[in-house]
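In the two assemblies presented below, subunit A is common to both, partnered first by subunit B and then by subunit C.
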Partner chain A sequence: MNDLIGSAVFCVLSLVIIGTALGVVMSRNLVHSALLMTACFIGVGIMYISLEADFLGAVEFMTYSGGVAVLIVMGVMLTHKGNGVPSNPFNGRELFAAALAVIFTAVMGLVLTFVQMPPDTGFVSADTVGDLADMMLNTYILPFEIAAVLLLAALLGAVILAKGDGEA
Partner chain B sequence: MHNGTLYLAGESLKEMLLPVIGSELLVNLIMTLICIVILFLLVATSALVFTLGERKVCAWIQVRIGPNRVGPWGLLQSTADMLKLLTKEDIIPQGIDRWLWVLSPILIFIPAAMVYALYPFDDGVIFADVNIGLFLLIAISSQSVLPFLMGGYASNSKYAMLGGMRTVAQMLSYEVPMVISLMGIIMITGSLKMSAIVEAQSEIWFIFLQPIAFFIFLVTALVEGNRPPFNMVEGESEIIAGPFTEYTGMRWALFFLAEFANLLSMGILTATLFLGGWQGPDFLPTQLWFWIKAFLMVLVYQWIGWTFPRTRMDTILSFGWKVLLPLALLNLLLTGFGIYIFKWLL
Partner chain C sequence: MTIGLTHYLLLAAVLFAIGMFGVLSKRNIIAILMGIELMLNAVNINLIAFNRFLPVHDLSGQLMALFAIAVGVAEVAVGIALAFRIFYDRETINVDELNRMKG
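Take a look at the complex of A and B:
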């Protein structure tokens, strides 16, 4: 019963994710593309939660949806609308893209058939948040801090770029 | 075990249903459906109560009488408003982005209603007491930014667009200090679970342990909930009604349904995080304490809203980044030191 519900949820979510992802590529309107991307991210977040990675799912909701909102604002500011020109036009490289997609699918198929997957132990930590926090702030504190310093540098760089050298 | 009045009522209902239906799975399913219906009724009722309550409180604070024509003391005003909105012409402006425009008021209601699943209403009464409770709550409520922007963009109107842009600017900026200020609570509790946060306040409420966080939360909740004096998104005197400008009738009402659901949400959240949730002295049932605190906080939010004049967009943004964010970080640091000193004293 639970297995059935689980696979049903997985199938519906996959359809939603693939459908919205296709929409992102196919839509001629930049804002539609960006909004469909949010839908896709929300689908991925729910998928994470259904696979019992609840913290990761919530992070997906929080960061990506906010990021997309900023992206849309940028898109609206940078593109004209209402003058008939599609803001997200196709670029005529369909053949190249199709070839790439076929190669990618072939590689994924090979991986799925030939690589030995680790056995499913069925074990999911009851306290994913605590374990993640323990890993990030104890075991892997150095990479975590390096990433933090990198992000801080990027943030400062963005401020300098936006305000100009003299003002900042 | 839990012994809240609401929890006991639910349990006894379950026991009554079990012999009638037979299968435990089916009973659980029915109980879940009942819970969902109750939560939706709660959201709908909050809108009904607050359409009148908001105007009455506003009038009371500004020494006016407020609505008093429909029914005794104007009590039927909400019903009259609803009938008026239902019978209004549904104007669909030209040149809009049809799909986004139609979806925006519907989508805006979803996160506003979904967060109710994560509130502990009474001892043991919480729809989804998940491990990442508070974080999931913030993540879900942060989804309400995009529908505003969708409505603003799709309306193809300058005022709506400006309102949509303002939403993104203010809601995203104030999410940062809000999350960091709530981190203090999480550090003291040691868990993100909503029920654990309430239980951690059985000795002392977090408003006394985290006064700075309470202040920051008060301001950021007002901004996130689009309440005056920070309702820049609507800003009637500047941009008419922001993203709602081009909507009429029931579509417009849906925006306000979400807004009033958010208002009650803010009250419940503040009461839960800082005022001990459903806990209180024994002479009143826990359920009553919960609603007293929640409505008191709603009243506080309305009081602030109708007392101060609306701020300016640039001032609230610089206040958020330059005052609230450093203050929240300072609070985080102080909480860390405090926890260490407390452990050392023990």
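Take a look at the complex of A and C:
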């Protein structure tokens, strides 16, 4: 019974994720692409929660379906000319791109049929926030600090790039 | 039939392929950024599925995904700023027209 529910949840979530992702790349309207991308990220976040990674699900909702979606929509609005031309056209190489994507998926599927998967013995944490905090502030303190510096540099770089050197 | 690691890896591969199609076939810089975001999410699904199904003893997969999310968000911020700059300088964000370095 539990297996059945898990399979149903996985099937519905994968349908949502793949469908919205296809909508993102196929839509002729950039605003529709941005909205479908938000829906796709919400599906991915729910999938994280179904994989026992509830903190990462919350992070996905906040950063991707919150922050990144707002940034992208702002980018769409500020760079849109609104002169009636389709805002999200293909560049004429979509046949090659589709062939490459299909070949990639086929190779990955072929590899997955050959690989012998180990029995399901993963680590399930009862307190993901506490465990992640312990790891992040003890063992992985150096990558944590480097990520902080990276975020600061990205913030400053984005401001300088968007405003220009002289005006900032 | 139970859902195992293979199913998640296959889903992530399909999502990565869709993102790659978007990156390779779009004209608009912001649409290309959206494709990159889809690819980053596919990789994160892989990391979290490995943490859930492979024999590990801690949450290192989830922590790796957390760092990947941080780096991905920083990349989007810089990418959007670049798109603004290009739009103000050239009045276009069509990557096919950005060929000033073409020999």
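FYI, the second predicted complex is superposed on the first by the 145 of 168 C-alpha atoms of A that agree within 3 Å, B and C clash if a C-alpha of one lies under 4 Å from a C-alpha of the other, contacts with A are read in each partner's own complex, and residues count from 1 in each chain.
Here is the rule we go by: contacts are C-beta pairs under 8 Å (C-beta built on N, C-alpha and C of every residue); 3 or more make two chains touch, one makes a residue touch a chain.
All figures in this text were calculated on a predicted structure; none of them were measured in a lab.
Of the two partners subunit B and subunit C, it is C that touches the larger number of subunit A residues.
After overlaying the two complexes on the shared chain, residue contacts for A:76 are found with subunit B and with subunit C alike. In the superposed model, A:35 lies in contact with subunit B only, and not with subunit C.
In the superposed model, A:151 lies in contact with subunit C only, and not with subunit B.
Judged by the touch definition given at the top, the superposed model places A:65 against subunit B, while subunit C stays out of reach. When the two structures are aligned on the shared chain, A:128 is found in touch with subunit B and with subunit C. Across the superposed pair, subunit B and subunit C both touch subunit A at residues 55, 59, 68, 72, 76, 128. Residues of subunit A touching subunit C in their complex: 3, 6-7, 10, 14, 17-18, 21-22, 24-25, 30, 33-34, 37, 40-41, 44, 47-48, 51-53, 55-56, 59-60, 63-64, 67-68, 71-72, 74-76, 78-79, 87-91, 93-94, 96-98, 100-102, 104-105, 108-109, 112, 117-118, 120-125, 128, 131-132, 135-136, 140, 143, 147, 150-151, 154-155, 157-159, 161-162, 164. Those residues of subunit B that touch subunit A in the shared complex are 95, 97, 100, 130-132, 135-136, 138-140, 142-143, 145-146, 149-150, 153, 156, 161, 165, 168, 172, 175, 192. Interface residues of subunit A facing subunit B in the complex, by the touch rule stated above, are 29, 31-32, 35, 38, 42, 54-55, 58-59, 61-62, 65-66, 68-70, 72-73, 76, 82, 126-129.
Subunit C contributes residues 1-11, 13-22, 24-31, 33-35, 37-38, 41, 44-45, 48-49, 51-60, 62-63, 65-67, 69-71, 73-78, 80-85, 87, 93, 95-96 to its touches with subunit A in the complex.
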